[in-house]
Each structure stands twice: as C-alpha cells, then as structure tokens.
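All chains are identified by letter, namely A, B, C, D and E, in their written order; residue positions are counted from 1 within each chain.
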Amino acid sequence: QDKFSGGQVKIGILNDQSGPYADYGGKSSVEAAKIAIEEFGGKVAGKPIVLVDADHQNKPDVASNIARQWYDADGVDMIAELTTSSVALAVQSLSKEKNKIDMVVGAATSALTNDACTATGFHWAFDTYSLARGTGGALVKAGGNSWFFLTADYAFGHQLEKDTSNFVTEAGGKVLGAVRHPLNTADFSSFLLQAQASKAQVVGLANAGTDTTNAVKQAADFGIVKGGQKLAGLLFTLSEVHALGLEKAQGLVLTEAYYWDRDDKSREFAKKFMERTKRAPNMIQAGTYSAVRSYLKAVEAAGTDATDAVAAKLRELPVDDAFSKGKVAADGSFVHDMYLFEVKKPSESKAPWDYYKLLQTIPAAESFTPAAKSTCPLVKKS
Amino acid sequence: MSILLETKGLTKEFRGFVAVRSVDLAVERGAIHALIGPNGAGKTTVFNLLTKFLKPTAGRILYDGRDVTSLAPASIARLGVVRSFQISATFPQLTALENVRIALAAKAGGSFAFWRSDKTLERHNARALSLLEDVNLAEFADTRAGELSYGRKRALEIATTLALEPDLLLLDEPMAGMAHEEIGRIAALIKRIAVGRTVLMVEHNLGVVADLCDKITVLRSGEILAEGDYATVSKDPRVIEAYMGTGHA
Amino acid sequence: MSYQALMAQLAIGVSNGAFYAMLSLGLAVIFGMLNVVNFAHGAVFMLGAFVALFLKLQLGLGYYASLILVPIIVGAFGVLADLALLKRLRGLDPLYGLLLTFGMTLVLEGIFRYFYGSAGVPYSAPEGLVGAVDLGFMIMPLYRFWVIVASAVVCFGTWYAIERTRLGAYLRAATENATLTQSFGINVPVLLTLTYGLGVALAGFAGVLAAPIYSVNPLMGSNLIIVVFAVVVIGGMGSILGAIVSGFALGILEGFTKVFYPEASNIVVFVVMAIVLLVKPAGLFGRAT
Amino acid sequence: MTSKRSELLLVIAGLVLLLVLPHILYPVFVMKALIAGLFACAFNLMLGYGGLLSFGHAAFFGTAAYAMAHSTKLWGWPFEAGLLLGVAAAAAVGVVMGVLAIRRQGIYFAMITLALSQMLYFLYLQTPFTHGEDGIQSVPRGKALGFIDLSNGLNMYYTLLVVVLAGFWLIWRTVHSPFGQVLKAIRDNEPRATSLGYNVDRYKLLAFILSAALAGLAGALNATVFQLASLNDVTWQHSGEVILMTLLGGVGTILGPVIGGALVVTLQNYLAASGLPVDVVIGLFFIACVLLFRRGLVGEVIAWNERRKGS
Amino acid sequence: MSTEPVLQIRDLEAWYGESHVLHGMEFDVRAGEVVALIGRNGAGKTTTLRAITGIVKKRAGSVKIDGTEAIKLRSDKIAKLGLGYVPEERGIFATLSVRENLLLPPAVKPNGMTEAQIYELFPRLQERARSQGTKLSGGEQQMLAIARVLRTGARLLLLDEPSEGLAPVIVQHIGRIICSLRDQGFTIVLVEQNFRFAATCADRFVVVEHGKVVDQVASADMDAKSGELAAYLGV
C-alpha cells in the first residue's frame, strides 16, 4: 500500500488546449497518453492508472496553481507535456519542491536541462539545441552554406538563432545577416525582401507558430524558394505543414524528432492515433505518448510510484518505442536521433499526410547538448 | 475707481471668421458691468477668452495690472475670476449641497489628501446651505443636481459660483430660462453680492441690465459699438437699431 | 539602401496600410455613429476570412464571389449581433459597448480556435492575381497591388457616403443626439443597426482581401486590432478622413521601420500615438472635444 | 445607523472568514483570489470613482511583478524592499502612462491605455532581463521582516493578508476622502470643475498613479506567491480579466471587485479541467455581465436592498 | 376655423425613471391656434412637449394628433403625423454644418418651406451655412432650430422657449415670425417664460402647475385675468 501513493498511479497532462499551442499538443496529446496507458492494459504493477488533464491557458500562474493542487490534493504522481517555456519552467521548479516528476514535451527552452535542470524533471522530444543542431548543422552539410535569419525578437528566437548560427559556422557555413522581427508579425514582406536581397542560400526562420506559417506562406508569394533560396523552419511541425498545405510549404526544410511514416512502429502508433483524432501525430503528441509510456515502464521496473525510485529508473532504462530510441541523460533530456526533412512537392505526395522526404538523420550523439557543454549542476564533468 | 480687468486689442478668429475684433474693454473695480449685443456679437467668446477656455488670436488680457494672457483656466479661477456658463453646468451626480461644497472646498485650496476622511468636508455644510437658501434651493439640498429642472439648475450654478467668493464674477446670461419671480430674486442676489466685488455679465433682459448695471458695453459683430451707462447707451440710435429695437426705447 | 529598394518597401507599406485604413475606417464609422468602440472588429475581420474559406470549401465559390458575398454575410451577422446584443446598450456609457464587444471577441476567437486550432488554413489568391510582377528592382506580388486599389476604392466610397450624402447627415445627427433625431421622423434604431452592419461589413471585406496574404487563422485579427486602435487615436476617433489617411500613413511608416530599425516596428505606431497625444490630443484630424 | 452597524458586522465576519479560510480551502488558491481582488479594487479606483476605464492595468501588475522578481532573485533584496520597488516601479509607469492617457476621456482613455500597455508588453518581450517567454522563474519568497519564513504556506498567507488588507484600506480611504469627492465631481462635469479652480489633470493623474501603485502591489505579491514573473502578467488579456472581475463584482463598490476577483480565479481554475474552451466561457460571462447585470453582483444586491427599503 | 382639435390631450401622465412628473394633463389645440403653456420652473411644461413628441417614453393617457392616437407610437412615427419640435436647448447638431442641420429633418407633410424661403426669413443662416452648427451664437442657433422644422411641412409646431437667450430685437423678430406662421395657418404650442413675448401672438394661455393644467385663459380675457396669471407665475 505504501509503495503506491493513493493505491494508484496518477498522471496529469497539463497543456494548452485552447490557445496558440493547442495544435502542437492540445487534446490530441491526451489521446496519445491514453494510447500509452491502454498499451499497459490500464494497470501498472497491478495498480490502476488514472489520467487527468487540464488547460493551462498559457498562464504560468494558472499552471502552477493547478499543478500544486494536483500534487497536494489530488495525488498526481507525474505531470507531462507543459507546452510553453514559462509554464514548463514554473512547473519544473514546483515539481522539484514537491518532489514529483515532470516530463516536458513541447517547450523548447534548453534551460530545462541546463541551469534549471532538476533530478525529477525530464525533457522529451526536442529543445532549441537539438532543433538548431538538426537544421543548422545538417543543412550546411547538405549544401546550404550561406545563411540569413528571420528571427523572432524575444528570448526564444534569439536563442534559436544563436544556436543555429554556431552550428552553421562550425560546419563551415557563413551567416550573412539576420533581421529581428517582432513576435506576431502579420506581414513579413519587408523582412523577406531583405532576406532576398542578402542572396543567402538558406533563409532560416528562427521563430514559431503563426509567425513561421506566415513567413513561409509569404515567402512562397515572393518566390523565395522558386528563386533558388532554401527556407529552413527551425521550429515547425507536421501540424503546421498540414495547415499550410504543400502548395505553400513545399521545399521547406525542417527538423523533427519523429515522423509518422518513418518505420513500422511509428506507423502503428500513428494509425491508432489517427483513428482517434483524425490527424497524424507530430513530434509533440508522439513525444507525450513516449513520455507517459516510459514513465509507466519505470514505475513497473521500480515497483513503486515513489518519485526517487522512478526517476532513477527513468535515467537507467533505455527507451525504444514508436516515438524514438535512446536514453535519458544525466541532465534529464531524452537523447535520441533527430531528422532533417524536406517538405514534398504536391506532386510527390502520394497519400494524405505524406509530406516529408528524409534528408538526413542526425545521430543521437550529436543531437543534444553534450555533457561537456551542459550547465546543469547534476552533470558531472569528467 | 481703478481698473480691475482690461483687455487690449483682444481678437479671436475662427478659421477666417473674426468673432471678436480688437476689443478694448475696461472693467472697473466694484462695478457691475454688462456686455450686451445682438446674438452672435461675440459675447460668449469674450467670456471664453477671459476665462482661458479659448486662446486669443491677438491681444492681451490684464487682470489687476498683471498680464494673464497665457494662464491656464484653473489658474485664472484661483486668481479669483470665476464664470458661470450659458448652458447650465452642474455636477449631476452630486447633490445640490455637494455641488456647492465642492466649490467651497476649491476655494479653500482643494485637496489631494486621499488619506483623509471626507468628513472634513462637512465643515463647509453651513456655508453651503446658506448659499442654497440665497438662491431658494434649500429644500433641494439633498436632491441630485441632475434631477433639478432647468431653472433650478441655473440657480444652483449661481450658488456654486458664489461659493468661490470671486473678486471678478463673470455671469453669462444668468437669467436665461428663469421665471419672473426667480429673476427678481437673482437680480437682488447679484446686487447683494456685487458689494465688494466686480461683476461682468452678459444679459439680454434689459430690465435687469437697466436695474443692475453701472456700465454697459455693446458689442456688435465682434466690435465695441457703444459704451456707457444705461441711459446713454439706450438712447444711442445705433444700439437701438442693432439691438434694442423699438420696443424698449 | 538604394532608392529602388526603398520604393519597394514603400509599396509594401502602402499595401499594409490599406488594411489599417479599412479596419480603422470601419471602427471610426461604428464609433462615430453608435458610440461603440468595436473591439470585435478584429474578430470580424477574421470571420470574413473564414467565411470566404467556407464559401470556397463548401460551395466552391471563388474569390471574387466572396469579395461580394462575404461583406453581405458578415454585415448580416453584424446586424443580428446588434439586434440581439448591442442594441440593448444604446444610450448607456460607451464603455459597456467596448466591454460587450470585447466579450464577443473572446467568444468568436475561442470558437474558431476550438474548431480550427491556431495554425491556420491556406486560402489562395484567384488565378488572375497570382504571381508577381517583376518591377526590375523588386518582385512585387500582383495581389498586393490589387489590395491597394480595392481598399482605396472602398475607403473613398465610404467617406463619400458619410460626409457628403443625406444618409450620412442622418447618421451623424443620430450619433450626436439620437432621441432628437428620431423626433424629427428619422427611424434611428434601424439606422444604427444598419450602420453596425456596414462597419462590420468593411472589416469582413478586409478579411477577404487579407485571406490570400496571411493564412486564415483564428487569431489573425486579435494582434491587429490594438494597432488599429492606436491608428484610430492618431487619426482622431470618429474622423472618417483621419482613419483613412492615418491608416495608410502608418502602414508606410511601419514598413520603413521594418527596414531601418526592425526591432521597433511593432511599437512605432504606439510611439507615434504617444507623440500625437502630447502635441494634439484630439488626434490629427479630430475635432477638439 | 443600523446600516452602519450591519456593515461593520459584515466586515468583521469577512475578516474572520479570511483568517480561517486557508484551513478550509487551498491556501495558494485563496491567495490568488486575494491578489486578484486587490488588483480589481485598484483598477476600480480608476473606473468606479474616476470614471476612467483603463485597458492597460496589466502593465502595472506586470511591471511590479518583474521588479519584485528581479530584485529578490538577482539582487537578493528582502521581501519588503522588493515589494516597495515593485510598487514604485508600477507607480513610475503609471506616471508616464497617466500623463499621456489623462489627456483624453472615456473610450479614448481606454484605447490609449490599451495601446500603451501593449507597447510595454512588446518592450518586456524584447528586453533581456525579463527572459522573454521563459519569464523570471524560481523567485525566492524570502523572509518577511527578516524572520517570518514565507516559504511556509501559512506564513505566506497571513503576511499577504496583512499587505492586501492594508491595500484595501488605502483604497477605501481614498474613495472616502476630500480627494475622492473632487474625483467624483470631475467625473461628472470636467469643465465645471476646471472653472471652479480645480486642476483637473493633476487630480486624475494622482488617481491614476495611486491605482497603478496598488495594482503594482498586487503584481509584486503575485510574483512572490507563485515565485515567477511572466509575460502573461503584462498581456492585454490580463487587463481584460481585471475588467471582468470588477464588472462581475460591481463597479464603484468596494466589496464588488474582491468578490469578482475571487469568482474569476475560481472560474479559471475550474474551467482548466473542464474541457471547455476557457476564453469562450469568459467571453460569455462578459456578455452576460454587460447585458444582464451591469451593476455587478454586489451592485445588484445593493440596488435590491434599496428597492426593498424604498417600498 | 374647424373645431376638430389638431392636438387633443387627455389624462396625460409621464415619468422620468421613477419620478412622476405629469399628473393628468388635459388640453386641446385647434387648427390655426397659438397656445402658450406657462408656469413656474419645473412645472412640467417641457415634459409635456416631450411626452407629446414621444421623446419621454414612459407615458400614459391619450395624445391625439389629427385624430390619430399617438401615445403608443415611437417618436419618429409621431413626427410623421405632421409634428415639428423645437427643443429647449435648441438641439443643434455639432457634427453637422448649418445647412446640413437645416436640411436634416425629412419632410413629414407636403408643402414645407423651401431653402430659399427660409434664407429669406433668416438671412444670417445663409451667411453661415457652411460653418459648424454649434459654432453659431445662441440666437443664431435658435433661428436655425425654428427654421429647421419649417422645412418639413409640419403644420403643428411645438416651440420650447424660443425667446430664451435672445436679444430683444431678435425676440421681436421671432415674435413676428411666430405671428406670421399663425397667419399662414400653422398650429403652435409655445412654452414661454417671457410672458410679454408670449402675449404678442398667443390666442390662449394654458397654465401648468405640478404637472397639471390649472387654468386656461383666452387672450381676450387677458386684461381681466392678469392678476390671476401673475399669481400663477409669481410675478
């Protein structure tokens, strides 16, 4: 009885279900979590698995309030997803205080596994580092030598631009310039003209959400890709490609941790997911599935839902599921392969959701912050 | 008698239309001075210039020998120049008593004291009530000003204006919209309060003007047409033609 | 920066200004007549784009049909919204109108976000307007030119109707004193309702114009509306001409800021607003109150 | 007299309730409601008594939250110093915004404050010290008066209660002061107030600054309680929320905004797990409020009470 | 002269919100008559006019205009019965030019005055036709307010204190206009404080006190009853 708090394993999905990030994860992520739980037959180590979810409305104080109540009053053992950096950081530090596990999927900030890392916090799917490494590093190798950035003018954009520039120069490429645009810019034409004038081979979009969507769409109107420049989305997922349509998105290069049509396992999960949500999963939804599944595996192995034991198991056990293969590093990040994709032309797409061509696989070892560069206190420098 | 208020070449132009043209007005201390003239002559505009609600296009305004041409409306009020409005101006949500009290408080210097109790305002109650009595509004002391009839609003406005004990009182048609009995009362009131201060008024009720005023300036088309006491002015043929008509001669 | 590149940025600025102008014009009309700051204006703009999308997906109706139909549909929506909601607030403090339409905005955007997520849906320009013209110094999408022309026509038409026609005089009178206007024998309630419909239809029209440029998404209006508010304050609220002129002017100014100091491009309009308030509180074209 | 007594009883009952509440309800939740109440009350000082609707109060709340978070986390300032800095920073922003905004009234005022606060939002989004969308996290709660350890939930609660009550008292005092009377007169008829010799702009500005400072107090407390300051505090949606709170509770009443604040916070919490789209529900509340009970809950009760007495 | 009243008021009650202002007003106005409502400040004269026009919405009783019951009608419909209203504070629109103000009210009956006829009557208005309505002086505004309803063809005019704030010459001028309107067959209800002015052309005085008609005096009996009238008005 002592081994399982409340005699059950309780998981909370806390994410944006109605705001700007509802498409990244949202209610569909809850379905992904359910799939993971069903694969366990609804029980782990003989104890029932209970799932709750809530909409944090992108307000960190609302999120923190809900998380507190979940931990203190409702007996939630682990909280997953936590889209948006401010929410993820707030809940991660709360989880540390309450000694509970949080598994972030869909917040990009690499602070979660650096300065703000905790023994109980895990970061699944991707962070700014892995995105930058994928698109920045790999694309140069694929021939994109000179870069120009359109950067969202706030911490996230700056970080992404900086990380990417580093990889670009490391790989022997050149950064010709950058223009900072405000968040939620509706019209990118002025910036696109500047990008065009720079004659860079690659136009890197260090932004997210509707900013990227609008930039990509208007780039098509201005004939950027037709003019021979490559467009690289630094944080762009299948959901957005779908929303944009191949007509506008074709030729865009991007990095994801997961693609539904990658292999049999990924396709199998995608099939289940599509039955429920009528859409193919992106890396955040698949990541949430993987996080929940890995957590349950760890609980099973530990034979308890006690935080320390489970956290230890999470770090110890390898992960191999529909989402990806890999291992959790000391800083809490799940280290796995990343993929560089190019969006297909409409004529190349054979089936619904058949959107990506794989350009390159970035091996796990290169994809995430190496221990030597980590600023996470938990990482022992050798 | 010395001159309290003086304008020199006061001019106001509205987009090419000259409403007040080079007016030299001199109001003597202690006098009741009337500004009359046909509609559109520029009387209200002169008032607005004097109280700084409008900026003159040209000319200067001297008050008590001091050039006040560029002062702000609130400052001129604090110097002791207070006006009443042609269209009634009260605080509709406040009671009649509070209306007067707020003026008394202004006289006392106003207050930014947000940390004090509003009970401190009650010291003005007695004075406020007596002012209301003066204009026959005592029984409406606790009625919200917005609910008073037009005539009573005018009376309240006068009481409020008087609360400031102005040195120079500018009254814009104080009798407009008043019943006869009120007119008599207000006229008497003005006469009473004019002792020791100066009044400049715009009024069409010639009976009142004749009765009250020491000096009359007649404006026409923004210019001074005639000046003098009632007897002089009312005989001036130009004034008769432009303003008084034949009925009053 | 070369002279030619500057011209290119100028052209883009004008085309963005066209949206500010149309939206602030609608706001000014509604504010002028109903004394309501229509917070829902951005949401209605979004609605216009979505209706165009539905017309295409459900009925196969193309862009030009939408350009005519959407303002009618959105206008009808406005009329209904007015009859059902706004009408009850006539004669009250205008702040209530602001708050009501704020609520309407939350509901409208929320509903669309609930069903369409926030990523947006593409809507393509009609055959005749796709592609770009190579001006030698820049490639300008043809569609942008169309936006400028269409909005200029609409803006002028609206200005004329209000400032120069008898109906416009009714509207202005009703704005100022509805009871009295009505007592002259003018059916003011109907007039006001139609005005709201008209103002909203303008936003709907802008929405259709915008659909091919920005992807159709539930939040496309909400970021715009506050800037448009500032534009209206700069122009002088309720001033039809002010709304139009300052709309275009600020579009251009913002365009240049994007080139010379892009970090400030989202605040430049607000800075201008602050300056205008200091120098001319009633706005550039506003009548002092 | 009896109404005075029943009012007093009500206040005492409220105080007792506040003392025991954290033992019944979740303390953080009660604190959030109290902060919301203070925020709404500060806002109401402007709307209910100054007749000016500010659509930018989030700017003050957020500024103070950042000041508090930054000074206690990075400079290691104590709780009280952070609180003062927060209030001062909010007041300073209030001065700048006020000088511009009070030049216009009514609807213009609303739009100008909205635009200015949006500008501030963009500035905060871009300046490094706010850490963009990450926000300032893990803000230490520290010790009040040097010995009350605020990381303890109940200590935090009672400390916060004292501060919030002081804020409420100041608001009440302001409303019922000579200054408050002048504000009311200005709201009624501004030109007349000017002609009586009141420097109307100064009165409005002072009211605005007071309101900003008190909103800042709420923001600074929020940063301590939740140990974070984020962009969300500065968004116009947040400004909208405080309007809803005030409207729901009752504009121009002292108690109304407090109740409205608690209601909205409860609503947000409840809706989070309900699966309903939060904004839609909040929007519907707004519409219902404006159409059906403009006086707000407390206002309706007062009106009902007066009608009962009257008949 | 027909004896059928153009305006028949019976048992008219009116309220502002909760406050009950008219308590059963009753009077008739026959075609071609000028009737002056007189009474002290706050007696309810303005309210009577506003209740007839439907501007005051909360009202009961009966108002018949040319035989049509108007008590349940909206104010725009009432105007269409042939009513022209000149309000107390003139009601000139600031956002309209003088000419737009003049042309604003739609025709309610055929044969209203033409613009040219109006300018003949009020030359000042033509001079200032393009300026903003409220930039006129008080007297000019009063002329505009009267001129405005003459255009509509309304034959029943309600004038609320037309002499207020006007210079004596203008008052005489307006008086002549009212008399000439009567001679042209207009029916006029006049609210006046200026007794002397009212006397110049009124056929009959209706004395209002506390929202009721307390007396009616024909012009012919004026001299005989002047004492009583004076008492009513407190002169």
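One rule holds in what follows: contacts are C-beta pairs under 8 Å (C-beta built on N, C-alpha and C of every residue); 3 or more make two chains touch, one makes a residue touch a chain.
According to UniProt, the chain labels map to these proteins: B, E = ABC transporter ATP-binding protein; C, D = Branched-chain amino acid ABC transporter permease.
It should be emphasised that the depicted structure is a prediction, and the values quoted were computed from it without experimental measurement.
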{"item": "Co-neighbours of chain E and chain D - touch as defined", "value": "B, C"}
{"item": "Shortest contact path, chain B to chain C, counted in steps", "value": "2"}
{"item": "Separation of chain C from chain A in steps, with touching chains one step apart", "value": "1"}
{"item": "Winner on C-beta contact pairs when B-E is weighed against C-D", "value": "C-D"}
{"item": "Greatest separation from chain B - chain, by CA centre", "value": "A"}
{"item": "Geometric centre distance via CA averages, chain E-chain A, whole Å", "value": "76"}
{"item": "Separation of mean Cα positions, chain B and chain A [Å, integer]", "value": "74"}
{"item": "CA centroid of chain C to CA centroid of chain E, Å", "value": "44"}
{"item": "Centre distance in Å when chain A and chain D are each reduced to the mean of their C-alpha atoms", "value": "36"}
{"item": "Per-residue multi-chain contacts in chain C, two or more chains", "value": "110, 113-114, 263, 266-267"}
{"item": "Multi-partner residues of chain D (each touching 2 or more other chains)", "value": "122, 126, 277-280"}
{"item": "Per-residue overlap in chain E, given as positions that touch at least 2 other chains", "value": "none"}
{"item": "Touch relationships between chains, expressed as pairs", "value": "A-C, A-D, B-D, B-E, C-D, C-E"}
{"item": "Sites on chain C touched by chain A in the complex", "value": "5, 8-9, 12-13, 15-16, 110, 113-114, 117-122, 124, 132, 138-139, 141, 143-144, 213-215, 217, 219-220, 223-224, 255, 258-259, 262-263, 265-267"}
{"item": "Chain A to chain D touching residues, read off their complex", "value": "17-18, 27, 52-62, 64-66, 68-69, 72-73, 84-86, 89-90, 93, 109, 111, 116, 153-156, 158, 182-183"}
{"item": "Residue ranges of chain B touching chain E (in the complex, touch as defined)", "value": "14, 17, 36-42, 44, 86-87, 147-152, 173, 176-182, 204, 206, 242-248"}
{"item": "Chain E partner contacts - residues on chain C that touch it in the complex", "value": "166, 169-170, 172-173, 175-177, 179-188"}
{"item": "Residues on chain D engaged by chain B in the complex (per definition of touch)", "value": "170, 173-174, 176-182, 184-185, 187-189, 191-200, 202-203, 206, 210"}
